[in-house]
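Next come two complexes built around chain A: one with chain B, the other with chain C.
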Partner chain A sequence: MRSVALRLGQGACVLVGISMLVFAVFFATPGADPTARIAGRGASPQILARIRHDYGFDRALPVQYIRMMDKLFVARDLTSFVDHGERVVPEVFAAAPVTLSLVGGAAIIWVGLSVLIGVVCALWPNGIVDRVLMGLSVLLLSIPVFWLGEVVNLVTQSRYHDTMLFSWVPPLGYVPFLQSPSGWFRSLLLPWLVLSSSFAGLYARVLRAELMAASGEDYMRTARAKGLSPLRIMLNHGLRMSWLGFVSLFGLDVAQLIGGGALLTEVVFALPGVGHLTYRALTDLDLPLIMATVLYSAAFVVIANALVDLVYLALDPRLRTGTRHG
Partner chain B sequence: MSAWRALVRRLDARIAASVLAVMVVACLAAPLYAACVARTDPFMSNIGGSFSEHGVTRDIMQPDDNPLHLGLTPIGPQWHAQYLLGADGQGRDVATRVLYGGRSSLLIAAASAALCMLGASILGICAGYFGGWTDTLISRLLDIFWAVPVYLFAISISIVTISHALRIGPFSIAADNLLLPIGIIATVYLPYAARPIRARARSIARTDYVLAARGYGASHSRVILREVLPNLWDLIVTLAPLVIALTLLAESALSFLSLGVQAPAASWGTIILDGEGLLYRRPAIAIAPGIAIVTVVLCLNVLGDALRAVLDPKAGGRV
Partner chain C sequence: MAEPILQVRDLCVRLSGRLILDHVSFDVLRGRTLGVVGESGSGKSVTASALMGLVPIASGSVKFGSREVAGLSERAWRALRGRQIAMVFQDPMSAFLPVRSVGAQIDEQIRAHERLSRTDARARTVQLLQRMEVPDAAQMARRYPHQLSGGLRQRAMIAMALSCRPDLLIADEPTTALDVTVQAQILALLREVSQRDAGVMLITHDMGVVAQSCADVVVMYAGVIVERGSVETILQAPLHPYTQALMAATPEIDGPRPARLATIPGQPPSPASRPQGCVFQPRCGYAHEACGRRPPLRSHAGRDVACVLYEGAA
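So, the complex of A and B:
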């Protein structure tokens, strides 16, 4: 437990560091001066001066930083520099469920698929099934996700939309779960599949490698000697050990995706998620929104790392005594 | 050398290498294709142009087939020397552009992978060999970098550098310079390559032969060059194709978001972006460069797997 608390403490420090870094980089970026953006084109010097004073841009940077953090976390009324009066915190909270639905569903699909492929391949290594499935995994790994999304759109939205197969596909966009559960499912099914494809390929390969490595271990030989069926050995003994590498990979990947890494899928399928929001904030050079989305994203990575540590402890009792491996 | 022979004996490695070679040669020959076969300029807008086929002259931009014939659509694939894959929204030959785009994509991918491997080797060897606070500092920094979503990180750097020309002291790099995407992509994948190199350098630093060399009074630089590097070489060679595959994907993604290669230059990512607007009418524009990307990345991954199997026999059936 102490290590988890320590991790969270470290994470908080990392968050503060990241926010300061983003702040410093923003004000060091040429052409990012928010005053001119807020004032609009051809504003008079008086107006510029007033805006600079009203927004506090004439104060020292540390003061500005603390004021922004205060508005973001305490008052929660930080407003965008680009869209007048648009509050940043509700915007992030509106985008989060979209990304959470997208990533959650995709994660379930890719874990299920990769476990299936990995176990089947490890049961009959180097056979024809193994070769075909591993070839498929490499192929999935090699497809750019945004291109796959476009091709899926082409097939389901245009060419074959009116055939029986794809008439269920709704127009691009997101349907909230509370508005219509079935619409939510239908609007997300294809993005789920597209987003999970490359991860399914990667995880299947990793899992197969770990299972193959485990099959040489003593406890696997013991299990075989006991006369257990190959499938039971694989599921009860092999998978259990292979989960460790799997979990740490999974934790970081999911955290990155929730934190905005699913950007390309969101852009191609017009889902208004966090990745999309971060992308917009970055292209607009809108510091309050950048700050909010970056901190949100970093927070997920920190939390996921702490969770991975906890799961490690639950999965491998050897770690609980305090001696850590690797 | 035996590893090389073992590699050549593998069918998958042979096929992947040949396909890669064909792709690279084809892209390098793009000017030849443009001049002799397609006879067009891949970067000049050609909306009012026409081309002749079997003595029949046709406009490149055809009126839409709606009742009023409003709007123009570029011609589709002709499966013929000229406009093999049709024209894009500006009347330019798609096949020629895909070849030219491949030049930028492959160049950026290879150069950024080389830069990334160089930086990763330096960081990884320093961290792994010297250990102590050097290791702690570098490893923690890499951890933080690795925790940031790769594409968002790349996008942030591109926006800072591409929207305004980058100035470092007396040097100024224009926004359309290919050095920018190369540097950005190399930076983003540093941790990916540096972490395994660090782990290996760390174990090498504790071997008897390194200790013996140090005991004889060899300097750090000599030990690194003569003892550590030769033993790291196979890892670097194994990682290289996988890193190129990643950098190629990253380049296409950045260009797709119009933050990589800048117009009028093309890359596979920008052509997919060009084709997005015409996706439902002229899908060939977006599909062709995607197939090129998938082919190259697939070959690189297969080659990487084969290299690993050959250079690291202990891994056995590992992929």
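So, the complex of A and C:
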């Protein structure tokens, strides 16, 4: 329990640090005029004056920082002037479920697929199946996600949309789960497959390498000497150990995807997620929106990291020393 | 004469194209622990692996009781492994999976071979741990390997090996990773096992361990058996020059450790550079031209020895 509390405290410190850093980059850089940036291009003098007062840009830096954090996390009334006074925090929260759906589904697919490929390859190493699957995973790994996405769209949206095969594909965009679960699933299936492809390739290769390395270990020899079947040995012993490296990789990848890393997939499939929002904020130079997305992304990454550590504790009893009797 | 549990005849094993075991023959008798000694690289572990079906047998015969096992299919071997032949390894820390409790790993072996419910398997696990004199066995079964001491881990390992009542237990240097007092306890436990539960084949490079706990001994060198017989006979009067050198390199069992141990000069040959004739000839003080021919194991003075010095004089 103490280690859990410790992790949470650490995460909080990291978040505060990141927020200060981001704040410094946008507001405390010499020569930068945050008022004009927040107001966006071509704002009137009245708006500029209101912003200057509202954000405390006429006051000391710490006050500005605290005002900003208050607007972001407490009052949550940070407003985008570029976007006609839209409040940005609710926007981020509206985008989050889309990204979570996209990344969650893709993660399930790529973990399932890579475990299957990795285990099959490690069971019959250097055989024909192994070579074909490893070649395939390099291919998956090296296809750029936006290109694959565009090709998929080309095939399923325009050219062959009316054939039997792809008539189920809905138009681009997101359907909320609560509105129609089946619509949600159909709108996300192709984005899931596209997003998971390169990860599936990478993870399959990593897992195979881990399993092959494990197969020379003493505990694998013991498992063979016990008379277990190869599959049992691979799953109960090999995979049980190789999970550890897998989980840390997984946590980092999921965190960065949720924090906006799925941008390309979201843009290609017109999914209004966090990545898409960041993309829009950057192209419009919408400073409040950039602040909000960057900080919320950072929060996701930190939370995901803390979760990974907890999963680690659950998976590896050796890390739990200090707790009573495991 | 005790009945043989295991009969090995002219066992040859070839790995990566090199002959690792060259016509190895020996018996394990019920109630008598067989010691297998030799320097590092002499093929002791490969012998154990061959008996477990973990490396392919190139030629020769291996009989458990009256059943020939050389040439069995992998599936048939799997049914034997852990059930009729079980193995205990050198380092019980790395031999257990670190992320599952010791009890769960023993249960797993029991349930792989017998149709038993989880609770029944665990009951047997706890009973086995008690037999291996593990204190507080039910509690210990729930612990992870790193939470047990080295001695307890090795006891758990032996309990796991015995969990399906095997006929033969192969212990590959089971005490090398343990400290001296624990070592003696584990050897005592293995002696008891050989009397009560199963035939024991004890692999070691330490003549002292052989003297303490074996009834018969096989001396291996470079994949060849050079001397074979009962422990009293061979310890009293080792005949093969290699056995003599090995004994000279072993400190008195109960006496003080000498400041410097005698060592055997030179290196054992690798399987690739094994001599045509007597395998020990390059390092042997008695070598002469007759050693260019490989001497067979011959009965001499109550044991079998493969050396030209004792040929014709029997």
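Everything that follows uses one rule, which is that the second predicted complex is superposed on the first by the 282 of 326 C-alpha atoms of A that agree within 3 Å, B and C clash if a C-alpha of one lies under 4 Å from a C-alpha of the other, contacts with A are read in each partner's own complex, and residues count from 1 in each chain.
The criterion applied here is as follows: a contact is a pair of C-beta atoms (placed from the backbone, for glycine too) under 8 Å apart; a residue touches a chain by one contact, two chains touch by 3 or more.
All figures in this text were calculated on a predicted structure; none of them were measured in a lab.
**Q** After the chain A overlay, clash or fit between chain B and chain C?
**A** Chain B and chain C fit side by side in the superposed model.
**Q** Tell me the contact category for A:Gly275 with respect to chain B and chain C: first, second, both or neither.
**A** A:Gly275 contacts chain B only, not chain C.
**Q** Give one of first, second, both or neither to describe whether A:Gly259 is in contact with chain B, with chain C, with both, or with none.
**A** first
**Q** Please state, to the nearest 10 degrees, the angle that the Cα centres of chain B and chain C subtend at the Cα centre of chain A after superposition.
**A** The three centres form an angle at chain A of 90 degrees.
**Q** When the two structures are overlaid on chain A, which partner does A:Leu228 contact: first (chain B), second (chain C), both, or neither?
**A** Only chain C; A:Leu228 stays clear of chain B.
**Q** After lining up the shared chain so the two structures overlap, which partner does A:Ile47 touch, if you call chain B first and chain C second: first, second, both or neither?
**A** Neither chain B nor chain C is touched by A:Ile47.
**Q** Looking at A:Leu123, would you say it contacts chain B, chain C, both, or neither? Reply first, second, both or neither.
**A** Neither partner.
**Q** Is A:Val25 in contact with chain B, with chain C, with both, or with neither (first, second, both, neither)?
**A** Only chain B; A:Val25 stays clear of chain C.
**Q** As a test of reading the superposition: which chain, chain B or chain C, is in touch with more residues of chain A?
**A** B
**Q** Which value, in Å, gives the least CA distance between chain B and chain C in the superposed three-chain arrangement?
**A** Value for chain B versus chain C, nearest C-alpha atoms: 15 Å.
**Q** Residues on chain A in contact with chain B in one complex and with chain C in the other?
**A** none
**Q** Which of the residues in chain A come into contact with chain B in the complex?
**A** Per the touch definition, chain A meets chain B at residues 14, 18, 25, 29-31, 125-126, 134, 138-139, 141-144, 146-147, 150-151, 153-154, 157-159, 205, 208-209, 212-213, 252, 255-257, 259-261, 263-264, 267, 275, 278-279, 282-283, 285, 297-298, 301, 305.
**Q** Would you tell me which residues of chain B are touching chain A in their complex?
**A** Residues of chain B touching chain A: 144, 146-152, 155-156, 159-160, 163-164, 245, 249, 252-253, 256-257, 272, 275-276, 279-280, 283, 286-287, 290, 293-294, 297-298, 301-302, 305, 315-319.
**Q** Give the list of chain A residues in touch with chain C in this complex.
**A** Where chain A meets chain C, its residues are 217-219, 221-229, 232, 236-237, 240-241, 244, 315-318, 321, 325-326.
**Q** In the complex of these two chains, what residues of chain C are touching chain A?
**A** Against chain A, chain C makes touches at 52, 54, 78-83, 86-87, 89, 91, 94-101, 108-109, 112-113, 139, 142-144, 146-147, 160.
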